[in-house]
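Dropping a structure here in structure tokens format, bear with me for questions.
Chains here go by letter, A, B and C, matching the order in which they are written, and residues are numbered from 1 within each.
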Amino acid sequence: MKILVAIKQVPERDAQIHVASDGRWIDESDLNYTINEPDAYALEEALQLKEKNGSGEVVVVCAGPERVTSTLREALAKGADRAIHIEADDLGERDTLGVAQILADAVKAEAPDLILTGLQSDDLGLGQTGVVLAELLGMPHATIIMQVEVTGSGLKVKRELEDGWFQHVEMPLPALLTIQSGGNKLRYATLMGIKKAKTKETKTVQVTAAAAGPAIRLERVYLPEKQKKTEMLTGTPTEVAAKIVEKLKFEVRVI
Amino acid sequence: MSGVLVLMEQRGGNWNRMSFEALAAGQQLSAKLGVACSAVVIGSGMDALSAELSQKKLDKVFAVDHALLKDYTADGYVVALEQLVKQADPAFVVLPHTYQVRDFAPALATRFGQVLISDVIAVHDGPVFVRQLLQGKLNADYRQTATGSCFVSVQAGTFRADAVETGTAVIEAFAPKLEATQIRNKPGELFRESAQTVDLSAAPVIVSVGRGIGEQENIGIVEELAAALGAELAASRPICDNGWLPMERQVGSSGQTVSPKLYLAVGISGAIQHLVGMKGSKAVIAINKDENAPIFEVADYGVVGDLFEVVPALTKAVLAAKG
Amino acid sequence: MVDGLLVAAVGTRYAGSMLFSELQVSATLAEPEHFSWLEVGLLLACIVASGALFFWRFGPILRNIFNSKKDADFSLHPIGRRVRDFVWEVLCQAKVIKQRPLPGLAHAFVFWGFLAFALVSLNHLANGVRLGFLSPASYIGGFYFLFAAAWALLVAVSIFGLFVRRFFVRPVWLGKKISYESGFIAFLIFLLMVTYLAAFFVDEGSGAVKALWWTHTLALLVFLPLIPHTKHLHLVLSPLTIFLKRDGFSKIPPLAGDEDFGLVAGRDVTQLISLQAYSCVECGRCTEHCPASTTGKALNPKEIILGMRSYLNEFGPASDSPLLVEAAEESPDNPPAKYMSMEAVFECTTCGSCEYQCPVGIQHVPIIIGLRRGVTNTGAWEDTYGTKLFLALEKNGNALGLSATERDKFIQKQGFPIFDGTQEYCLWLGCMGGYDPKGREIIADFARVMNYLGTTFGVLKKEKCTGDPARRLGNDLVFQTMAEFGLKTLETAKVQKIVAICPHCVRTISNDWREYGIAPEIEHHSEFMARYKDRLPKQSSGESIVYHDPCYLGRYQDIYEEPREIVAMAGKLVEAPRSHERSFCCGAGGGLAFLGEEKGERVSHVRAAELAGTGAQVVGTACPFCNTMFRDALSSVSEAPPQLLDIAQLTARALPAVVQPETPVQ
């Protein structure tokens, strides 16, 4: 079974974020990049499926400038067999549909049995690229998947719903799944993996079509007005209890 | 192309509460733009729900009804709603940002060459839609640049469901053209995980007790609070080490890592080994008699006080609020 | 000088003869006068047989050692150190005696007697082929034989004592199994001495002389082939082992090339490791002081070494068979498998007690880390907490998995200046100092001390973990990333001097980072404060403070006195029963602070009980990990636990209340 994993390289979670001078995006000069965490879980799921099956191929694909090759190398080090780098310097000008389109173009030739990707990205967090990609490729899809099982007729997946509910869904192959974080235990990159990665193939493809006008545009970014501050609640125990209940009702929304 | 169309979500004949927040959003947007607002209910046997919606201040209530839409499938919803949206031709399609919407709405938008502006936390004049980036570190203003329907999903809690205006609306039945072969996925029954072992990582609310509780017999007051909140009980390491609570309830570097909606830390100082286990919590409320306890640095709300007084009072207040 | 020796020799001879004449015995050794050619032939045959049997076993051992992988980083230099260690540890038997005085002295006598007997034995056999070169009648010979007799007496008494100890007293560390081979060897040695001494008491020319001679000879020739078959191989190997020891305590060799991931299989075992595995005397000193072994864990350092030896005997140094099995229960009947398990190997805190104690020069810690490397670098080790730790280091750059912004917040709150090249010191926070609430208290107090002394310092804007836990757990990829990042950061910031509160940081930066570059000089805050102790206020609290030597400060860096000087200024210094190089680990090292639940008794509780048991009012620590481990442990083992304070906190409490730097730096 050929499994394709679409991964995204995003700024490190701990990175100090500064808004760029034009206010349209963040200042990328001092940033370190890493794999989008939900995509890391998608990769882990793909590797485990391959190991469970005993055979197959895991291909990682990532679109972006030169710097994304490091993330592709890490994916190879964790056990992916091949990597495809879609060279694109203008991702900022593309919207989800635009990105999904270039992924679809690169993926069509591979004709994978299964495409996995994280349910959303740590930077933009729109959570749609996977579903849009499935739609463009005409594949069935399922989202926020915790477990994947290969059956005789296709797949049986466990889908996460709100409030602790789950659902199994049976699907035919080929299909696309967006994977939820935490379903599997991630593996760490090993020295052996890094050394092996040097011998694995990374193919670079160019973007064939120019970016069509995006449907939506990110106009500007800015710091949110409220910073996280600890609000101390004071008063008698009864007063404090009432204040807490109000927070639970309207801010935290658990009552 | 005009008007606002709000997509309501139901399952098995019961509303997903978030739908009414989206409805409020849709009504407010349409009021600002001076256009009509309509709602869509989709499923099979939607009469009762449509009737309920017709009591809201809306132009129309579209009842998209088809036997194949009884259980949710992405294919079913996308095919049916594509037809509806084509007919209704709204300027804006407003959806609640639910798990289900995340599953089908992007595909639906793609069919119109649009991109869903998802998980919106505010709507400003323009309209400009505000979203959060980088795990809430930044806000971003989004605007539609293409022509055609603009798809928007609204984050939970952004609008208040009780702000929905009442009125009257016309119910318009809509029978989509849908073949069984178009639906590729086969959904199963919904289920909950069997609670044999304590899986704190799935608990939405956790009440956690630490050394401040003093004696084993005092844990009862925290257990009552947990029961009142419908929360799982957890503890910091010393409590489990003493055997006062089983090891599987330990939260921390050598226990479980949790990220509930609410983490209520009672009598927990906030040692690093504990913090690393709960730092992912969406909201943290801490009760500790030491104002310098490190737990207050990660808490959203803090109470410096005697837990033996605050906790029972809180339990009483919670039970009263729940009615 | 020669005259003096001659006088001494003659004097001894006469003294000896007078002594013996008192006992009415001959003052000379009675030797057989004549050997028939048959006897010569027999003797030669026996010698050949003995030699053949010796080499039949020793040959493969030598082959295993030589066929093992070459140690990539080995160098004979500095040779002076090697010679010094050799003289001290081998010739003077210093470690043997120091660690277990009475049995150690007995063994030393046996060893020295063995050396003294060298010429005797040689001459004895030479006699048998009519080539004897030492005559009892000559002055030299006479003196020498009496000299050897004195030793024979000492050896006989010693070996008898050791025999009683092993078979009747039965110390735990020698193992439960009765070692028949040890008993037999002890018997042979005793026999050799007795037959030698008896030769002084029999008449020349009597039949007893020949009988004694042949008994002695056969004992010798039976002993010889037994050497490579038993742990007495150390007779041959251990002087070499001690001489060739890897230079440096717990020195972890660098990986050699792209195919080297550590000790995965036999083919990775190096010559030094093979040599050390075959040198083990099974004395159990390593196990006796191992925190894991003494708290009921599967780890037993002696058995790791013996397991390595068994592996080499069974599979050889070219084998691809993995060295470790996964769980200790996998092959309970097969000792090497039982002890050479992943489970056991990951229970090591790398405290170094084993390596420190070993009298034959075995270096346990690099072997255990090598075994860990073999399964971590290849991904074979799948441990939830280990993986979490490595991912935390990869993603967040600190071992706790917290956002780096937490450290930034702490720095801001404390008002620490950022290092900009103008300050004298860079204060290295470390993971504990930067993120742990108690570690932060230590940093805050140490900063107050530095401000009081007027020492300028700054903290790095961005600091990642030194990589110590990854290094000790065998993850070279993560370690390399951390080390290279750290070296680059320090170089870019133009740091010249570093001070840190954590011995792990100090050791890793000053020693382990060398594999990737040279770091600026770094010292532990105890060294810093001790240097300025005359300027720091003394307290007359009179509180009794028991000081706990951290493994990574004591055994690893030989820093024992400086922290004690600090403690003595703050109160009355009390020593724990096990202190200095015998200090008992707190249990956090080797990455274990970040791994899951401990099995069996908690190491930290054992040590906490020991410290609290001294009755001291305060426990003084010099390592934030020890501090964290004892925090909960002390309240668990004691109703009214002693206070727990780092040496920085002990010092800071005597400082005036508000200590601000002269100019607050942004």
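Here is the rule we go by: contacts are C-beta pairs under 8 Å (C-beta built on N, C-alpha and C of every residue); 3 or more make two chains touch, one makes a residue touch a chain.
Note that the structure is predicted; figures quoted are calculated from it, not measured.
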Result of counting contacting C-beta pairs for A-B and A-C, higher pair: A-B
Chain whose Cα centroid lies at the greatest distance from that of chain B: C
Where chain B and chain C are represented by their mean Cα positions, the distance between them in whole Å: 59
Distance between the centres, which are taken as Cα means, of chain C and chain A, whole angstrom: 49
Geometric centre distance via CA averages, chain B-chain A, whole Å: 21
Junction residues of chain A, two or more chains touched: 13
Multi-chain contact residues (two or more partners), chain B: 297
Where chain C touches two or more other chains at once, by residue number: none
Sites on chain A touched by chain B in the complex: 11, 13, 17, 19, 26, 95-97, 100, 119, 122-128, 131-132, 134-136, 140-144, 160-172, 182, 213-224, 228, 230-234, 237-238, 240-242, 244-245, 247-249, 251-255
Chain B partner contacts - residues on chain C that touch it in the complex: 385, 400-402, 409, 435-439, 594, 596-597, 628, 631-632, 635-636
Contact set on chain A toward chain C in their complex: 12-14, 16, 34, 185-195
Interface residues, chain B side, partner chain C - complex: 237-238, 241, 247, 253-254, 269-273, 275-276, 279, 294, 297
List of chain B residues in touch with chain A within their complex: 16, 74-75, 78, 98-100, 102-104, 106-107, 109-111, 113-119, 128, 131-146, 148, 150, 156-157, 184-193, 201-202, 204-205, 229, 261-262, 282-283, 285, 296-297, 299-306, 309-310, 312-314, 316-318, 320-322
